[in-house]
Amino acid sequence: METTTTIEPKQKVYFDLTTSPHLHSKWTTSKVMWFVVAALVPSIAAALTFFGWTQIFIIITAVVFAVGTEVSIQVIRKKQITWFDGSAALTGLLLALTLPPNFSLSATAIGSVVAIGLGKQIFGGLGYNIFNPALVGRAFLQAAFPVQITTWLKPNFAVDSVTSATPLAAFKFDKIFTDTVPMAIGNVGGSLGETSAIAVLIGGILLIAVGIVNWRIPLSMILGMFLFGGMFWLINPQNPTPIFHIFAGSFLFGAMFMATDWVTSPITNKGMWVFGLGISLVLVVIRIYGGLPEGVMYSILFMNGFVPLINRYTRPTIFGAVKEEKKK
Amino acid sequence: MKVTHIIATLTLIGIIAGGSLSLVNNWAAPKIALNQKAETERAIFLVHLDGKRYEEIKNTGFEVYKVFNQADSSVGYSLVYAGNGFQGKIKIMIGLTEDLNKITSIEILEQSETPGLGTKILEAPYKNQYKELTPTPSIKLVKGVEPSNPNEVKAITGATISSRSVVAIVNEGVKRLKELQIKGALK
Amino acid sequence: MDITLIIAIATMGGLGFIFAGALAFADKKLRVEENPKIAEVNDVLPNANCGACGNAGCYDFAVKVVNGEAKISGCPVGGQEVVDEIAKILGMESAQSVKLVARILCNGGNLEAIKKEGIEYLGPQSCAVKTIVAGGDKMCLYGCLGGGDCVGACQFGAIFMNENGLPTVVEELCTGCGQCVDACPRGVIEIHPEDRELFVFCKNHDDPKRSKEVCNVACFGCGICARKSDGSIEMRDYLPEIDYTKLDLSKIPIDKCKTGAIRLIHPERAAELLKEENIEVKVN
Amino acid sequence: MELFLIFISAALVNNFVLSYFLGICPFIGVSNKLSSAISMGMATTFVMALTAIVSWLLYNLILIPYHLDFLQIPSFILVIAALVQFVEMVIKKVSQPLYRALGIFLPLITTNCAILGLALLASMRSYNFMESVIFGVGAGAGFTLALIIMAGIREELDLADVPKPFQGAPITLIVAGILALAFMGFAGMI
Amino acid sequence: MEELTEEGVVKESKNGIATIVISNSDQCDECSAKLYCKPGNSSERSLIVKDPFGTTAGDRVMVSINGSRILGISFLIYGIPLVFLLAGLIIGMNIFQSNKEIFSTLFGVGLVLIYILIIRFMLKKRENHITAYPQIVLVNAPKH
Amino acid sequence: MKKRVTLLKEFTKGLWEINPTFKQILGMCPTLAVTVSAINGIAMALATTFVLFFSSLLISLIRKWIPNQVRIASYIVIIATFVTIVDLVMKAQFVELSKALGPFIPLIVVNCIILGRAEAFASKNNPLRSMLDALGNGAGFLISLFVLGSIREIIGSRTILGYQVMPNGFEPWLIMILPAGAFLTLGLLMGLANLYTERKKNLEREALIAQYKRVGREEITDEVLKEAGV
Amino acid sequence: MSSKTFHGGVHPKEYKELTENLAFEKFPFPEMVILPLSQHLGKEASPQVKKGDDVKPGQLVAKAEGFISAPVHTSVAGKVMSLGKEQTSSGFPKDSIVIKTTGTVESEKFLFPPLNPETATPDEIRERVALAGIVGQGGAAFPTSVKLTPPKDKVIDVVILNGCECEPYLTRDYRFMIERPDDLISGLKLIMKALNVNRGVIGIEDNKPEAIELLSSKVKFEHGLEVTALKTKYPQGAEKMLIKTVTGREVPPGKLPMDVGAVIQNIGTAIAIHDAIVKGEVLISAALTVSGKGIKNPKNLIVPVGTTIQNVIDYCGGVTDDAVKIIVGGPMMGVAQFDLHVPVMKATSGILVLTKDEVAENPETPCLRCGQCIGACPLNLMPTKLARYSQLNRFEDAEGAGITVCMECGTCAYTCPANIPLVQWIRLGKQKVLQIKRDRDVK
């Protein structure tokens, strides 16, 4: 534009009209989502290493159907199509990583459709769902195909003593404890993503470091596990140790990727503590007294139901409001 | 006036209801009783295929029937025993031989297990394992491998708890019956 | 057998007796007199609790109607049918219910109203929000912003945005409840009885110079309509104001308005109306 | 221990609302106010405990001895209605304002299928006296729990962009379905 | 705790205390049973409320009740009696030998009644400055 | 809104317009509980219809004699009586069915449909209309229970009315016969029903709008062309 | 040097390097000025001139109306062209006086007789501040004389000079602190005298070490004066935040700083007070930062009030081709302009021309309930809830959630990864809630 020095009333302007603030932070929804997807890469790699590269088909199926469902519902509802923001792909990916290896592809597809359809879109789409969509899909599959989903595969580098049963199932039904080291590395039976605790931790710590995941939820879950798991262990040493609880099953995966889902976790800092501790308590009770060996999914879903209440009652006090009340 | 009207109306309705129900019941009660008896009988003879007649043994604390065959000689006992399953009570009719050392068969009377999963305890592959099973010292549940001993039962995949509950109930029932036998209450 | 019958009768009768006694006792203590007609009227009402009548709900309206505090034609949603029913219950002459309709009193759509030049508004497309960002993207500070808040507010789906970016009321669906009036931050929507035909389709109180600058179809405040109207139209702040009680359609030279800011809403209907009265009228 | 199991079973494992479908109507209609949910839950629990007591007495001391078990349904429902009426009267006697503030929940309870369901289930399962009382309290606790969760969720749903045809009862049912899935984790605890 | 609101019409108002007929309660919005849900078989639902405005009969008002008050009252009326009842039953079942059920029921109910009497006595004393009254917060409540 | 309607309408309105399940949202408990299979749904609906029909008829007959105060109490007793009759008859004649429906037959008493229709309709209308209304509502209930039951049975256990309809390769979704499945299916069905109603309403609305657009469009262009020159 | 802070807040990129080392330049006289009658909060001033009148710089053209108001003086010598509505940088037209410049000789400037700062009484100071038309330079433009006249029942014990300048880009206050430290301290002392307060604090963010050092050395021997280093964080310069960090007191919702015994003044205000008392000048020029990557030559300028921003931008070399946004004020709370023919006003602190990569407008997506805005809100509100409530027209709920407490600092919208225009919605909700409240009070 040529600059002029004369005053020209009603000079043509071509600028954006918005309200303050005029600056924005660098994060956007889609950046966040794709970043989480990236943080899952170690877990995917671990899954493919321990259960064979063919497991990639489960992941692909889940992601494709999740994105497909999202797009078709948005087309039907005549809403803006937002598959590229990565949230549907992330849901599909998370769902796939909670499934057992060699899970049937058709059932995976059903799970993806349910996760996006019933878990997310029916509440109005991204941001409005009450329950973690991937877990809704997983819980649906667990209820629909209970046998398939508890059929595990022996990991690739299994020594003879390792069975295909997950450490938790081995404990639940046969009272066999698995050592921590194989659980941490991932050389045990289990769902695709949960198998390697180290891979999960790498991704999780990355997310915490960049500030996508609020550290309070994983930390409170782990502390809660020490507290409640330890309590039950002290009462009866037959029960597993807190360490076993943390490394077995999908506890870490849930703590890093499932419970911390922005939409379905509390928005207040105090609430996050309540949420994390609640998950651990419910989880310990289910693992010890329940009929199922694993309960991370159920405990997170259960606490998801409480999130609105937690949010409501852990509302931060408005600046200066306390003092006013004290004065009265 | 108003008060009596109110009271009279409801009382009258109550009386009519009571009366008419009583009449319907007069018609239905025998049939219901018959149905129930047939039901019990069916279950008793299901676990003792050669049974023809049964006697209830009273004062045992649970239902025990002594079963007789065509020749009117005792073929064993049928007992009903209940316990906790995966989601609720499981009630089982257990058939035992006279010496209480062999199970003839079992029949699940009531259950509220997970449909399609826990309910496999109702199906032949699981149930038939109990035929000719030796409950001494007690029945054992095995997983993943075929049973090799006469007192072993294979668990249902994905429904370990339900399978285990049935085993526990049968074991407990047999144990109680044995105690009774020792006390001589079965005579 | 007979014993069971007698006991059964006695039990049920006894239970009934005790319970009825308790109820009767409670009734005596708790008695609240209520005009049975209220319940009847309430049944007739649409029970949408929309508040269009200006009462807290249908029951509230029923109470008021029975007590004579509200007109029996007060429910605009129910229409004539409901009015007749209420009249029957209350034993009154049925009144003519006049349907109320929302009127959008601005002509400045995308084609006519002048936009602020060269800018791009990037915020949410809602009139209410637009008003707080530099007063919206149109130059006129009084007219319709075209954000469609009224469309969203109408629970009967009676408003839609036409291609010119102006809301249009589907009269068949409109109940005159006034939700859109509340939603419009510019106040260009008004509720009028259906039979009013002449409206001023402009809200711009600016002086003539500025009015011309901001909109092609604004009322410039020339006052021709007021001068020719024998007092039923008066100018106030550069805008004509219509006194509907004095208005005589046959005497208004509507075609004199340069911008069409004051005009008939249904030219054909008005013409027909006047034809019945044997008056010739020129409709633009 | 048996009593405790009955309580857990009724409250969590076989939650009255989520797996027996009893008390669905108030569940669907519940407001988003936590305090009214708790209030209603407490009232229901109290009435449930009373119902469990009275229906047990009626069933085991009158109906069974006199072979009147066919009168179970009408007599139970009459007793429940009378009980609710009685509670209402007592509250009114205690304090008129309290009655006015809380009375609105009681008539609902009369026709709440959870109460009658409770009485019938308790007699069907031939619980003994204490067992049926605990069963009643557990059922009430489960009902309250479901109500509380739903009250919280409903507020969130009000802010959500739920597709219009699914607003109201349908989305509530779907949430209930997902909650039922979540409660399946407690299965096997009894 | 949150505030619960009800809308209604003033029936009568005296000395700062008014009786309100509830016309629209946000608690019953979605309930299918509201058709026949009226306390005490009357055909309207009414509340006694504090009236700092001095309203007159016929005014449309919005009434607000503090949620924690409601909770407190429910606890007073349902929660504590429930505990008493259960305690009575458990004690009864252990001390009585024959006809345990009837006697312990009577014992439990008796405990509750005693409690109720005490409550009543205490409330009577404070009837006039009882804090549990809902309060009118808005006259001519805006329509929804 | 109370209107004088034809007798036929009195019956047919219950099928869809005021369908107890989808429109009035009444009687959720049995709807969800018994629809594990289509046959159960049908049996439940028939039993309910029986009770609904007779209690409506009876209540309508004696509606003038019942004082207001004991209205609901009387209705409940009457309904309970009919339910007991159904229960007894079922236990005596249809043992299997009575076992399957279990505790849900007695719960018909507190099914809001019956009390709801009694209070909303039978207590205000003559016996003939009440009977038709009851039958209509019963039929509507039947339809919804059958639909729900069929869907759950087909997907949940591959069969309908006991006959296998899905191929063996189809792995049945166990969730459909669990409580969660009941909630989800009914929620979705109800949503779809609303969707249908809304579609219909929207089509009508769009037709109206189209009409307006035609008229409106001409009005605008004419004026704009003329006034643009001013 | 430990820096104090408060809960929440964000730290946007500062961009201050563009102008921080540029000394103030004086803007030559424009050809015409537009003087809105309402350049302050409160009642519009009433015009004292008519069309065609000749005026000289500093002459009163509109006098204050009522208590909360401020007079307007012309900044140039010239002829009154018109009185009428003119567009202003707030986005709405306001009644204004337009003056065509005829002479630029500064010696003709109208001046009050200078007062001795040592002997001036508090009343004299207040009166002079009122007559000089001084308004708060922080943005809200609250008439300073009102702030210096607290109600009798309020005990004020501290005056805080706001040297935070927490908005990115702006360097005006920084330049004042570097260039005129003595005048600034003199102004602060005058304020303390007017309020009869013994403690004066200058709060400066720790990203301006030179200013902290310079002022610290100046106040070292002054009794009751101190300089406090504050953590660099937006919105450190908001009144409530500043009081909290400096004194630890929290201003309750709906209350003013003076309720907790503090008065906050801007750096620019202190300088203006000094000028008014010591030199007898009236407030007719605005110091501002012209910055942003979209302007060719960023500058710190002293501009006659009423100059159009078009003139200012042209003086700075005009805008670059990739400029997309012109803002009057700071980037966090300023107003985007659609018309450059708007005047610089008394409280204008900056004109920013931003390019595409600076503003980074991203498409809006639904709220993810991540809680970032809640963590960042310095007032502990829940911005996402407030915005949603006002989106759904649930203003009663919004009121309950404390919407009226919000000061629209923009922290929430800055941090929102979903790019929801939270401030816009909250502002709407606030307006509606206040309106509802007013209606209610009327009844």
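Brief remarks follow.
Letters A, B, C, D, E, F and G mark the chains in the order given here, with residues in each chain numbered from 1 onward.
Assume a contact is a pair of C-beta atoms (placed from the backbone, for glycine too) under 8 Å apart; a residue touches a chain by one contact, two chains touch by 3 or more.
Source: prediction; values computed, not measured.
Considering every other chain in turn, the ones in contact with both chain B and chain D prove to be A, C, F. Of all chain pairs, the one linked by the most C-beta contacts is A-G.
Centroid distances from chain D, each centroid being the mean of CA atoms, peak for G. Centroid analysis (C-alpha atoms only) places C farthest from chain A. For the pair chain E and chain F, the distance between mean C-alpha positions equals 35 Å. In whole angstrom, the spacing between the mean C-alpha positions of chain A and chain B is 45. Centre-to-centre separation between chain B and chain F, using Cα means, comes to 38 Å. Distance between chain B and chain C, defined via averaged C-alpha coordinates, is recorded as 70 Å.
Taken residue by residue, chain G touches two or more other chains at 335-336, 338-339, 361, 366, 421, 424, 427, whereas all remaining positions touch fewer. In chain C, 4, 8, 11-12, 15-16, 19-20, 23-24, 26-27, 30, 116-119, 122-123, 132-134 are the positions where the chain touches two or more neighbouring chains simultaneously. Each of the following residues of chain B touches two or more other chains: 2, 6, 9-10, 13-14, 17-18, 21-22, 24-25, 28, 86, 114, 116-117, 161. Remark: chain D residues 25-26, 28-31, 33-36, 38-39, 42-43, 45-46, 49-50, 53-54, 56-57, 60-61, 88, 90-104, 106-108, 111, 129-130, 133, 137, 168-169 touch chain E in the complex. On the chain B side of its complex with chain A, the touching residues are 86, 114, 116-117, 143, 157-161. Residues 1-3, 69-70, 73, 77, 124, 201-202, 205, 208-209, 212-213, 216-217, 220, 223-224, 227-228, 230 of chain F are the ones touching chain C in the complex. Contact residues of chain A toward chain C in the complex are 10, 12-19. Residues of chain C touching chain G in their complex: 116-119, 122-124, 128-129, 131-135, 141, 153, 183, 210.
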